[in-house]
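Before anything else, here is the set of structures, which you'll find just below.
In the two complexes that follow, chain A is the common piece, with chain B as its partner first and chain C second.
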Partner chain A sequence: MLTSKRLILAHFWLAFAAFGLALVLGAWQMFVRSPLNAWHFNPEFYYRSVTAHGSIMGYVLPTLVAMGFGYAISEAALEKPLLGRRWAWTGFWLVAAGAVVAMIPVSLGWASVLYTFYPPMVGNPFYYIGVVMVVVGSWIWVALMSINLAAWKRDNPGKPVPLAMFANVAGSYLWGWTAVGAALEIIFQILPVALGLRGTIDAGLARVFFSWTLHAIVYFWLIPTYIAYYTIFPRAIGGRLYSDAMARISFILFLVVAMPIGVHHLFTDPQVGAGFKFMHSVFTGLVALPTLLTVFTICASAEIASRLRGGSGAFGWVKALPWANPIMLATALSLVMLGFGGAGGLINMSYQLDASIHNTQWITGHFHLIFGGAIVIMYFAIAYDLWPHLTGRALDSFGLMRTQLWLWFIGMIVTTFPWHYVGVLGMPRRMAFYDYANPAISPQAFSVSMSVIGGLILLISGALFLAVLIRGHRAPGTDVGPYQFAVAVHVPARIPVALNSFGLWLALMVGLTVVNYGYPIAQLMVLPETSVPAVYVGAGR
Partner chain B sequence: MTTGTDHGIGEAVAARIEQRWAILSIVIVGVLVGMAAFIGIHQATMPQGHVETADPRTLHLSGEFIESNLGSEVEPDGSVTVRAIGQQYSFTPQCVLVPTETPVTFRTTSADVVHGLLIEATNINVMLVPGYVSVLPTRFKAPREHVMPCQEFCGIGHQGMWGKVKVIDKAAFAKLAAARRRLTCVD
Partner chain C sequence: MSEQKLYSFRNPWFSASVGITIVLAVLSALAGLIWLPLAQSDLKLSGIWDAICSAAGVPRVSTQAPSLQPDFKISNVVMTSEMLTRKDAVSIGRGATLAQRCAICHGPQGVSDAHSPNLAGQFAAVTYKELVDFKTGARVSVVMSPFAASMSNQDMLDVAAYYAFLPRVPSNNLDPTIPAPPIVVTGAPMRNIAPCGSCHGDTDTKAGSPWLGGQSAVYIKAQLQAFASGARRNDISQQMRNIARHMTPEEIDQVARYYEAQP
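Moving on to the complex of A and B:
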């Protein structure tokens, strides 16, 4: 039973309002950098916009969705009101205030450093302080999830932790630990320089710290989506989850191997040696495992649902799936995008192939397809599924929901496929504009224009999404019953301790991080004269 | 009772299928990682082995990155070393001259913020991080011109940071190299 409805709604609404804003910026960016824009403009506006778009989409949206969804899971799966609701509100207001504190200097053009920071460029200190507030607010959530789980375990000794809560807590631990890298970078390296206490910074070390956060953060974004695959999707289509144990193993694998792989972002960097790059490349391959396992379990769960509805044949059962159900549609579209994006990810994993696409538009296309596509479309599904339970009103504009989901899928494909293609041609990313008259660049003009159309479709889809939610608040009241998660075909009566607790896995997570990051970080810290003068951005205005 | 047994059999079958898929997944990942390792060792396309440093504050005063030393140099063994730096918002040299069918090593660094360098239509792609030297061995096949954009956000002039690479015939390069110590296509 959900009791903290206002708290959860506040998280989702702040997340989606910020998302709407960032979506407008994103569509504008697609347009101004394309050959369709014949007007001159100040390139600084572009980088300002990219900073805001990235900070909102990377830090604010997924963090708030994970937090709001996490509180909902805690109450619904453990069947008891959230412990520490006042702390949860503190966390929410910290995130909200942090978002505002960060966005003011960004919108004034005082911190156009992009959400990946790029020291030795250093912007206004309030930008970094705002980001730290967002992270600290989310750490309160991490602590609350852990506390709620511990209290439940005390009351239910020996019982299997409900899968949704198990996955939710795994995600919160992953985030708590992965955020430490960027936090170290900001607190010990960037902020002292931004505040004028120090004038130099080790840019190479900062990149290593950021890579600690940069890759596992993606799995933090992904975990609500996977929770929806495993615990919402089978129930929503009237089926059962194929395997409870495999689901737990997948989330554990994410927790353990998502961390020690971030150096694959630094394959072409000079400050990390070849040995550790290889180690991180191998672990990056391993992180494909939980996704392969998940795809199997989810497809098998879909087949169970279909056969229960009378579906038959080796592939004929696909037709008997409840395609009119928005959750069905969202999950299917999400898996298609995950397939394409995952294949791209396996390409990025190898140093040799990465060399031809590193920092090209391919990468932008890749993470928009995976995050913006496969992950965010399930955020929509989560909201659609939860909304009636939060508002106490029916959410039944199913046609509108299906249109919205299809538009998001089509928009994402039309945006990212040409993006991948121009990346292979060698088009660098993060540029305000390109000289399309240059014969070396002109072959890319058509594809870039295609992406603009995709961006426009995404904008329309985003507006429809917000419209559906707003309509949900005006619908007539209805009794929707308690919020429930999917049940496994073979409900486990008992479960091995390893699949029901986190001690071992947390030790492995920290241990592997130390193994894979300890030496590169220590080496750079003892290497003399690697600190370089800071270059202040947006100063003297 | 029969349902209980069916349930047990069903569970065992489900677990077996799942196990097979898990093993297949591990094999897929193993093959991919193995392929990357094999190609890396076999074709010697491995990342830089060691970390080298260069202080951006004194690049222009002494050491290998002083202005008169930038450009392409022919080594005693016939290979070519290209030294270049990136700074907001250009490369020096702005146009790199290299020969065909010759081992070429790029030695690059940054004089201010983080830059990157990619050469279109090749797999040459490297970050320039101030404080560190990036080393990249490569080879060019045919004479042609390539654009060489900065691939990392380096400030509000980033979109203007485009260099060039001119690949010329090995013999023509040797003739030019006999006359000058360091070659670029700017002068």
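Moving on to the complex of A and C:
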């Protein structure tokens, strides 16, 4: 039973409004640095735009979706009103205010440092303060999820925690811990310099701290998507979840092994030893496990639904799936993009192969395919699925939804495949200008132009998405019943305490973080003369 | 279920998860810190402990011979972006007196008619660095070197502060109709030339890079040619020499004319 509808809607609408804005910026960026645009503008505008696009898409959108969806899960799965609704509103306003505080200096060109900060570049302090406000607002959500789970467990001793809530809390703990890295970086490294208290910065240490956040944040973005796979998809296609325990193990694995792997972002950085890079590489490989478990379980759940509908044969059951159902479509497209993106990711995580694509457009293509593609398409699905329960009105423009999802899929493939390709050709990322007239670069011109078309398709799809949601607010009211999650084939009556609690897994998560990050961080903190002069961005004339 | 003890090695979930995690961490550490470094013969490690230190990233004392020193003086000024950005009225006042001897070339108001640089409104750190370089011999000029030789560090700080205090005066050759040459706006990525504007104003300003608007075209051209030929080499890490060497004579002319016409 959803009682905090206004709260949840506020999160989703702020998330999607910001998303629409950032999408326009993204499409513009694709265009201006392509050969379709004659070069005639200040490159600073490009970096300004990339900073805004990245900060919104990386921090604001997924955080708000995870928070809003988390509150919805808490109420629907635990079947009781959210405890601490006022605190939840406080968190929401902190995130909203933080987004504004961060975006003002960015739009003025005072903080064009990109959303990954890149010290020793240092921008206006308000940019970082805004990001910290977003993170602190989301930490309120982390605390509320934990409190709501604890209260439910107290009232229901010995009962298995509903899967959706278990996964949701796992995601919140993962975020709570992984955000610590960026928080340490901002508070102890960047802000003192941005405020003028120090003139030098330990860029290497700051980058190690950021890597602590940078990879696991991707799994935080991913968790709502996986929750939708496990708890929305089987129900939406009229089937059952193949295995409840498998789902729990997947989320637990994410919690434990998503953290100690971030140094694979620093493979070419000199400040971390090669041995630690190898250890992080090993654990990065392990993260493939929960994803493979998930793909197996979701395909098995789809097969169950199909056979219930009369599907038969080794592969014939695929045809019998309800393809007209937007959730079915979104999940299938999401898994395809996850497959391609995951395959590319195996190259990024390999210490040796990474060298050939490090800091090329391949990387940009990779994370757009995984995050913008596989993950965000399920954010759409989550919104479509939840909307009638939030508005009390039917959301029945199914044709429009299918068009939107297909356009997003096609747009993302057309954008990211050429991106991967030019990355292999050696095109560097984070550049505002490419001299396509040069014979060494001109072979990339066609692929880059293709990406622009993909970007335009994505923009159209994003507009359709917002249109569907707005139409949902205008539809006639209807009784949509309580919001429900997928039921497992074997509904768990008793489960091992390990699969019903987090203590052990949090201990392993922190333990592995200490093992894999402890020495590199301690060494950089102790070594003298590791700081470099800060490079202030946007200082003007 | 609740009576089941989680934190006990009798609980298979606990023992398996903790055991697997420890085994994985230990195996990956053994491979990454011992086996792989020892397998690389070019690392020339003396033993297991040496391998661990090397792979963990412990800084190692270099055994190489001391690096070759150039046979000319290089700039020893360390530039930071907040260097000399605080105004000091006493220093400006002293600088005004000291600057009288500069006026014959750089103009009484810091604006030159003699193809010497205009110093009015120039960043203090820039003026200071050039003076220090003249004094140490990193930059050589028959006119400036004798002046700088007799200046104390405080003198140089004061003169720099004074010129930074003077307002910038619009160029005598102001012509806003001249379009910015591509080398100023976009640089030439394939020749490793960053846009001039990304350090010298317009787009962004970097520590130690002078403000070029309104400077004499003759002066700018002469300096770029000096950087290209190596006659001038007080640019830190050869930043300007690497750029000027790859610029065409036409680009040097365009840049000089463009900056002269800027405010």
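The rule we apply is simple: the second predicted complex is superposed on the first by the 538 of 541 C-alpha atoms of A that agree within 3 Å, B and C clash if a C-alpha of one lies under 4 Å from a C-alpha of the other, contacts with A are read in each partner's own complex, and residues count from 1 in each chain.
We take it that a contact is a pair of C-beta atoms (placed from the backbone, for glycine too) under 8 Å apart; a residue touches a chain by one contact, two chains touch by 3 or more.
Quick caveat: nothing in here was measured; it's all calculated off a predicted structure.
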{"item": "Residues of chain A touched, compared between chain B and chain C (which is higher)", "value": "B"}
{"item": "Which of chain B and chain C A:527 touches, first, second, both or neither", "value": "both"}
{"item": "Touched partner set for A:499, first chain B, second chain C, both or neither", "value": "second"}
{"item": "Partner chain in contact with A:269 - chain B first, chain C second, else both or neither", "value": "first"}
{"item": "Chain B versus chain C as contact partner of A:519, first or second or both or neither", "value": "second"}
{"item": "Partner chain in contact with A:256 - chain B first, chain C second, else both or neither", "value": "second"}
{"item": "Chain B versus chain C as contact partner of A:467, first or second or both or neither", "value": "neither"}
{"item": "Which of chain B and chain C A:434 touches, first, second, both or neither", "value": "both"}
{"item": "Partner chain(s) touched by A:36 [first = chain B, second = chain C, both, neither]", "value": "neither"}
{"item": "Partner chain(s) touched by A:511 [first = chain B, second = chain C, both, neither]", "value": "second"}
{"item": "Residues of chain A that lie at the interface with chain B and also at the interface with chain C", "value": "43-44, 271-274, 277-278, 282, 286, 431, 433-435, 438, 440-441, 523, 527, 533, 535, 537"}
{"item": "Touching residues on chain A, where the partner in the complex is chain B", "value": "43-44, 47, 112, 114, 118-121, 202-204, 207, 242-243, 246, 266-274, 277-278, 281-282, 285-286, 288-289, 292-293, 296-297, 300, 346, 349-352, 355-360, 425-426, 428-435, 438, 440-441, 489-490, 523-524, 527, 529-533, 535, 537"}
{"item": "Complex interface listing, chain B residues touching chain A", "value": "7, 10-11, 14-15, 17-18, 21-22, 25-26, 28-29, 32-33, 35-37, 39-40, 43, 45-53, 55-57, 88, 109, 112-114, 116, 118-135, 145-147, 149-159, 162"}
{"item": "Complex contact set, residues of chain A against chain C", "value": "39, 42-44, 157-158, 196, 199-200, 256, 271-279, 282-283, 286, 431, 433-435, 438, 440-441, 494-501, 503-505, 508, 511-512, 515-516, 519-520, 523, 527, 533-541"}
{"item": "Parts of chain C lying in touch with chain A, wherever the complex brings them together", "value": "1-2, 4, 6-7, 11, 13-14, 17-18, 21, 24-25, 28-29, 31-33, 36-37, 52, 54-59, 78-82, 182, 185-190, 195, 198, 201-207, 211"}
